[in-house]
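Presented below are the structures under discussion, each in the form of structure tokens.
Two complexes are shown next, each including subunit A; its partner changes from subunit B in the first to subunit C in the second.
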Partner chain A sequence: MAIIAVIEKEFRMFFRYPLRVFSSILVGIVFLLQFVFFGQAVLGGRYSQLLASSTGIGDYPTYALVGYVLWWLSVSPMEAYVWGIRRELQRGTFETNIAAPVRITELLLGIALSWLIMDSLLMTVVFAFGALIFHISITFSILLKSLPVLMLSFLAFLGFGFIFAGLVMMLKHIGPFAQIFEFSMLFFSGIFFPLGVMPGIVVEFSKILPLTHSVSAIRGIFIGKSYSEIAPSITWLILLVFVYWLIGYAIFRWAERVTRVMGYGGY
Partner chain B sequence: MVVTEELRALYGVAVKSWRIFLSYRLWMISDIMLGFFFVGQALLIGIGLTGQRNSPSLQRITGYSDYLTFAVLGFMVLGFGLTFLSGFVWSVVDELYAGTLEYSFASPMRRITFFLGNVLVRILLSFLYMAVYVPLFILIFGVHINPLGFLRGLPVLLIGTVGMIGLGMTAAGIVLYLKDPGPFINILEMLVFALSGAMYPVSILPKPLQLLANAMPYAPTSEAVRKVVAFGYSNALGEIGYLILISLVYSISGYLAYRWSERQARILGLKSY
Partner chain C sequence: MKAIEVRELRKSYPKKIPLPFRKVQWVEAVRGISFEVRRGELFGLLGPNGAGKTTTIKMLTTLLEPSGGTAAVLGHDIRRDAREIRKRINLVAEGERTLYWRLSAYENLKYFARIYYVPKSEEKERIEGLLKLVGLWERRDDLIMNYSRGMKQRLAIAKALINDPEVLFLDEPTLGLDVQSALFVREFIRKLVDEQKKTVLLTTHYLGEAEELCDRIAIIDHGRIIALDTPEGLKRLVKGEDAVEIKVRDFPAEKLEKFPWKLAVVKENTERGTVTLRGQVDEDDLPKVVELLVKSGSRILSVEQKEPTLEDVFIKLTGRD
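What follows is the complex of A and B.
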């Protein structure tokens, strides 16, 4: 299967530079620590009564860690399309790969999937590190219960990221645009602060982002909620999987038609 | 005569760097938005956790009760400080990846002119961003910045800058020898980011990290600037004294480290792709 070959290629390229793996983990950890330490310095501790009353989780490190790890994973497919394809364009290998007897969607999906798996591995390390230094208690049953929601979230994230696959093929360098988008998602999905502090219209808007529901569902599991209690978030996620895959595919097909006229080109 | 030629070369490098930057204008918007992202997060985290604009806990540790002003000053020192580190290392790396480093180094100008030309554009951008940030932060976020206090902090920032340039030169020397310098720069920038004391006082870090933070020029600069802005020079003599010392050490060691690496480069040759 071509998709497996693409994943293997991406894995080999990433893990052959151990310093790169280490730096990615460090970036993940430092970014997390900045906000958790800031929250703790402002709070003078780790527990916020206000946070507990608005979200159900009063322990700030737990709240931030769950949200942050999911945010990182949610932007992973987007990053894969924006930087992975750009890298191939820079190296001049994109056109030859397109010419290979493989469907272009399979090729792109392979890149996104491999980045998502790699980021999941990196985030597992960051999550374990965060849980260790902030003394967050995690049980096996919480992890097991989170898995199906995580898989559903991955499907939604892949569909959401697919929107960028077509755009990057057509516009080539959309890194800054993607960066703005990624940081906006931190705000709109309530990663480091409760969404309740935002205006009502922003809270409504946040519902169209899969990350919002994914974070809400998994935080719910962490405080012992059952599947039926987090059912609204899961229903939203299922709906958004279909919506984003449809939108992403439609944009991709349109961008592909335009790119065939202009040429895939390089740098 | 030599000075005039070096200045012309400096201008040439700066113009080239500026033109490259301008060809990706969206980066400027993205960079500016990063500041709003940083400060906006700080505000919303504070309100989401405490429901207030002031933190008694932060006041106990740092003397600042307004956590947003605390974060804004830290962010400005960090942004300005990273200008030098990033300017020095990326000017090598960008040309290395483009395959033009050897030609640039072979041109009849001093190495320091090449680096300063690249850094100059970043300093200019840094000031430009500050000119955008300060009024908008005051307007949108209600940040309390006393103009006199702010001006008082500038000489202290300049003292810290000497040390930051020294660290940048050391890093540039190391980068010359790495086959894949990207991860090294990422690690260095992240260490600076984490240990700069931009968003939180370094005193809340574990002891070994506190030592490391105080051994780099960023956290001592942030602390000295904050103290001078809020309490004046006479109350920050200890912090300023330490900053002068550390800046002196970094500037001398940076110069020596870079000279050594350049001598090595003349023997071994510069790597290229």
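What follows is the complex of A and C.
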């Protein structure tokens, strides 16, 4: 399958340079430590009554670690499309790929999936490090129970990111535009502080972001909630998977038509 | 059935991204060209930079949507059957960065074999055969970033043969190569046509290359085909008109435009300050040309009569070098 070839190629190029892998993990850890220590400094300790009453998790490191890792994974497909495709355009290899009989959607999905898998591996290390440093107890059953929600979240993240796949092909340089979305999600999805402290309109807006529901569901699992208790978040996620894949695909098809008039190459 | 059939093909580029409700200006790059390429033929598109050669190749390889006209590759319409065409053709694009520099030669070919749907059972043998064919088998595990420009181009050609294409598009395949590498590439291309019976459409702005390699040549300028024939046929356009080559020093090139004869700069030596002009000049007019050159402050170093070449055809048709 061509998609496997794309993933294999991306993996080879990424893991060929151990320093790059090491620096990616280090960046992940440094940001995590900053956010957690900053939060604890503001709270005056690791436990927050406000957090406990509004989200169920009173322990700030657990709250932030889950949110942070999921945020990183949620922006991964977006980053793959924006920076991965941009890199192909700059290298001059994008057109060489497009000239092949492989479907363009397969190529793009291959890039996004490989970045998502690579980021998942890196974030596993960061998560394990965070759990160790902050003495967060994780059981096998929590991990197992989180997996289906995580897979559903990945589907939603891939669909959300797909919106950018067509745009980058057509507009070429949309890095700054995508960054606005990446950091908006950090702010609007309740990653480092509960959404309850935000105005009502922001809370409503946050519902259209897949990360909001993904974080809420996984945090629920961490505090021992059953699937039926996190059903509203899962329902939202399923709905958003369809919505974002449809929007993403429609934008992609339109952008592809425009790009075929202007040309794929050149940056 | 012809390998390639082109009828009144046109292409205009928007100056800005054509977003809804945005008024954009369009620039015409290809203005209604027509030609046919027979199976097993090496056909050349010859023209200066910006003539429309690459745009034509991109349309024929289904990378660009034409603005008008029709074209078929191996009987398939370029608008409707893009995937079918892509399976049966391949392309060496212009420039050296068309492969992954952080992968080895073997890994590059393996990747492209997969996205060209080469059967897994044939993959290993085909990659080995191609790497041996272009003389890179011994360096197969080296990263491309450590290859010379010539080696990269040889690998780009190997990549273009990975799906055993019936039609091969080569966009300026010898651009920027040293003499030895360019020679290898030219001989290799000719062999592809003579021995493997491939159809090749090649673009170049090197007149010598087109003359040496191509069975037929279309001269393209400002998006239009201005002549199409065999190299010999094209040279007949200037038959009986001997070419003159004049080597001068301190020649102000801008004055050339005001000359009443079609002369072009064919060689320039900036270190020595010399320029070689070439064109068709009648015997009677030659003293006038020399006089005008002297008046413009130039020193005449030599005046020679030459056999007409494709270069003279090009100068005659376009008025430029």
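Please note the rule applied: the second predicted complex is superposed on the first by the 267 of 267 C-alpha atoms of A that agree within 3 Å, B and C clash if a C-alpha of one lies under 4 Å from a C-alpha of the other, contacts with A are read in each partner's own complex, and residues count from 1 in each chain.
Basically, a contact is a pair of C-beta atoms (placed from the backbone, for glycine too) under 8 Å apart; a residue touches a chain by one contact, two chains touch by 3 or more.
Owing to the predicted nature of the structure, the values given are computational and were not obtained by experimental measurement.
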Clash or fit, subunit B versus subunit C on superposed subunit A: fit
Which of subunit B and subunit C A:141 touches, first, second, both or neither: neither
Touched partner set for A:226, first subunit B, second subunit C, both or neither: neither
Touched partner set for A:20, first subunit B, second subunit C, both or neither: first
First, second, both or neither for A:37, with subunit B first and subunit C second: first
Angle at subunit A between subunit B and subunit C, C-alpha centres, nearest 10 degrees: 80
Partner chain(s) touched by A:194 [first = subunit B, second = subunit C, both, neither]: first
Contacts of A:171 with subunit B and subunit C, given as first, second, both or neither: second
After fitting on chain A: smallest Cα gap, subunit B-subunit C, Å: 8
Those residues of subunit A which subunit B touches in one complex and subunit C touches in the other: none
Subunit C-touching residues of subunit A, taken from the complex the two chains share: 1-2, 4-6, 8-9, 12-13, 16, 91-93, 95-103, 107, 170-171, 257-258, 260-265
In the complex, subunit C residues that touch subunit A: 13-14, 17-19, 58, 61-65, 83, 86-87, 90-91, 93, 95, 97-103, 107, 110-112, 114-117, 159
Subunit B residues touching subunit A - in the complex, by the definition given at the top: 24, 26-27, 29-30, 33-34, 37, 40-42, 44-51, 55-58, 60-61, 67, 71, 180, 182-184, 186-187, 190-191, 193-194, 198-201, 204-205
In the complex, subunit A residues that touch subunit B: 17, 19-20, 22-24, 26-27, 30, 33-35, 37-45, 48, 50-51, 54, 60, 173, 175-177, 179-180, 183, 186-187, 192-194, 196-198
